[in-house]
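The structure under discussion appears below in the form of structure tokens.
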């Protein structure tokens, strides 16, 4: 809990989306020095009003929020279908942009956004919050510092605690776009290298995934230009919680990022010595990551940080997700055209 | 980061003390639903004003703060020498009280406070924050739930990262009152039993401790009425960080509470496999404990929690600290008169 | 260290190969109740004589050893090039056979051995010692007992501490036959299922591997008939030791088999908390596995255990190694013809 | 499993005691290069004969064994009541001596042995096997190498899995002589310092311990001449197995020696992440220690190792056990007269 020091200039923020992730961002805006929540916009007006009231902000609509010259930045946490349009309107209005992943459901829309944003010359950051997780960020810092030499093999374990409802699955875009897009970003971020070849396969072990013509279990192998391998294994369920791990083998050793536990209690009983299961859900595991991500956005607005991860990262991750989907469907490895 | 839901009634708080621990409490008051920081009082007026400004509060003096009928509660984080007087004045003014440990430097003053508070009929809670640490609290819940049967042996490890300056040591009241008072409270809390016999010994391995006629290394053995043993080992320094662990052996197993680490990164290099050292300082380790403690105080004010740990716990811990000091000086085990 | 109980019938064994692995087997024969080392055979006569002397056995040649009716069994730890011939001769002589992996360098030879052995009706066991590692075997038992439900994803980490010399690499048969043959056997053993599809890729990061037209880093994805995925990542070097881990995700949880450490010492110093690196080499890690494997062979001779892993397992693992090599060379996934 | 190289001179050993610990020593003598088991002596002649047969040795009586000039050394694993007499007779016969702890039940007898052995000029080693445990020995080496600076606090956790039968308890000599004698030796060994002050207390939580007028739970605090503190906590039972841990805090860090587990399997299930409980019994935990202890005795006989731990260590540990017993009975700290 950081003490808010009196900021000389408070930047006003308009938040689009009063749902689960919108509420997280609202709370983080409130405790981030230099930011103040001014507007909350949501098609569900009651939700917008309740969230606005909790933070002494005002519920309004997009037009008024974007027209207000006091608004310096927007935080887009609306549904994916709205992302591209809101990015475009915010860019036209000259606002700095923070947008949840993915940039858009379709690659063409995402690429169009990049053009608009570049033309408008506004800063735009994409919400790949895993880069801000204290454990993942520490691993990345130590990797970049050369602690294990050059990276050779990256192993990503990415398992949700439980699958979403069938209705969600049917319109999720598939497991590669919906779940692994985060892992594709993590892969590019860790390696600081682009992917040359990708192979994806998987299994469909649950009736829901079958009905959605999707996979619930997947394995992806990526090879980068420098010859580094990245293997990702993912599942829509893990009985023991939200399992998010990184392992990097380098020429001089290995770095691993393990799960976070709610407590450090260990119980030694007659049958076993046990500790807590991992944090149960992404909102728990990435609680601090979301706060640090918003602090980074504040620094970006203050001119002391770069817009990274940015639109290009969002587009690259989407490209890999589409390639993985094709690789699985065509049952063959694909080369990335760059 | 909890979203603040609009509270129907906000309770106004006056905070005494704008130092390190006062700032922690100010931040936690700000994010605790139902509490609002109204006044900050400190002999260092500049510090009071800066802290007040950061939280849209007002710097003032004790008289005005205690006379304001809008103030429902006080949080006392001033120097130990001021505790008893502030408790007394706040009780007379009918305010609910949260006071940092220790209740007072001397046992007589602490006992006098208990009388005043009882007569005034105000709620009073003492800041033994360790009881609110998520790991320690989970261990206590599981112990009380009978997971390991009846407690038989408690082992407390309590080591500061580095000794305080000589000036502090000279007026600290000694290692038993200054450091182990927390452990004595933890011991009583875990066992839910009173101590029958105590033996303390120690060593003085640093020139500063010698000059302060104090110990820097100590071992205390306590035996409770039900025959449970508690052994505490403590040191003024631990090169690897702030080391705070609990181990409880019961008839059916063992519960351990380990240290918290900043990250879950593991590095496997040629010579060793290593993980992070523990959180470096009590403000890091007990960051969440302080927040949960203030939430408990808010619940106490709302009538949904009891004033525990209370004045009686503060007094009992002080009694054990004084007995330990005598046991060490007289080089013999002492029986607690109850 | 088991006490040898006086065995009613001692079975005499002829050991082929007095090299590193031959010496391991000689020691284990000596302490396995019911077995006695009678002959040691090696082209290096001095080595055979030294090893024989250490165990009160006799150095001899293959002809005499196989002609001796007192010899009930042979242990083949000679060079791979000799395996098929020795299996054939031993089968013709009616001896029970323990043969180190691989059955043969070429699949045709291995298949021919299977015919000969079947015709001779002798028991034949292949030395996939990992199945006898206490940690791996415990994982397998718990998996079979249903502790995590049906297996869905298997992750195998298989890294040697350091690459072998260039001369060895050049005639090793390639990383898939030389290193991953063990992992292919572990995969089949864990899943109790056959492989339907395989994809292999890799990188060549060291000059030696390049000169040997081989990989030093590889990633293999296997899909079984029941739809289980197995991902293997391997490297010819790991700065921190011999890294051999298994992870199985099932419908109801996960089982992991970690590395063994020489000691359980933990050091907490100013910069890090560290523990031992894994056992440095396969002879250390699998020391107990080799002993338990020989005990299993003794039980097989005594009629209380089955010849598992047997010739069919050796052949299946070799088939997968050849398919993996082709998949990598042809840069495409391959379907296993069964 | 070490390969036995042909030893130029085999030393013949007479083993007194064919019980549980005698069988362990017989097995270790058999696999220790340079040692050969010649005689087994036990009042239970059938047991002696069975054990002798298993190792191609001869069952005999003490007179014949000690009179045989081929016998270079004796290993005494008979009942404690016989130790002093056998040490005396073996010394008079000029044999090197390995004797299980304790040297004798009574301090006077132990001291008398020391005189006899010194006069005879034979080597004598006492079986404090914990000094040879790979984990404890590694901790000691690293402590002596200065890795954590000077030792300041030692914490020993010493818990048996389950109490012995009442009959054993009644004649055990009490928990301090029976269980903690090992810990007193470990304390002196780690600190390489003598004890100045001791305080012992405890609890009697089981009916059996009460009937034996003994404790089943104990806490001992020792202060050494250099001012190092050692705290020992012990219990006659631990539901999760045999719990034997060491922790040493030094000026520059901490070394911990943890328990050994049968396997490195980890299970992550819905409720908890669990690993194996510690090895269940001292014969499992100290299996390798017993083997390394016998190898040390062989080196002692070969002139390449010193007789440490020796008679003086056995006597010192016994002195501390008696002082601890008195401290508990008299409920006061005692100063060691040196």
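Letters are used for the chains, namely A, B, C and D, taken in the order the chains are written, and counting of residues starts over at 1 for each.
Everything that follows uses one rule, which is that contacts are C-beta pairs under 8 Å (C-beta built on N, C-alpha and C of every residue); 3 or more make two chains touch, one makes a residue touch a chain.
Computed from a prediction, not measured in an experiment: that's the story for all the values here.
> What's the chain with its C-alpha centre farthest out from subunit C?
Using the mean of the C-alpha atoms as each chain's centre, the farthest one from subunit C is B.
> Which chain pair shares more contacting C-beta pairs: B-D, or B-C?
B-D
> Please work out the Cα centroid separation of subunit C and subunit D, and write it as a whole number of Å.
That gives a centre separation of 38 Å.
> Compute the distance, rounded to whole Å, between the mean C-alpha positions of subunit B and subunit D.
43
> Need the CA-centroid distance for the pair subunit B / subunit C, whole Å please.
Going by mean C-alpha positions, subunit B sits 57 Å from subunit C.
> Hunt down the residues of subunit A that sit against at least two other chains at once, touch-wise.
In subunit A, the residues touching two or more other chains are 148, 238-240, 243, 252-254, 267-270.
> Spell out the residues on subunit D that touch subunit A in their complex, using ranges where they run on.
Touch residues, subunit D against subunit A: 238-241, 243, 267-278.
> Over in the complex, which subunit C residues touch subunit D? Could you list them?
1-6, 23-24, 26-28, 30-31, 50-51, 53-55, 134-135, 138-139, 142, 147-148, 252-260, 262-270, 287, 290-291
> Give the list of subunit B residues in touch with subunit D in this complex.
Going by the criterion above, the answer is residues 148, 152-153, 155, 157, 159, 197, 199, 201-205, 217-219, 221, 223, 227-229, 231, 233, 235, 237-240, 243, 249, 251-254, 331-333.
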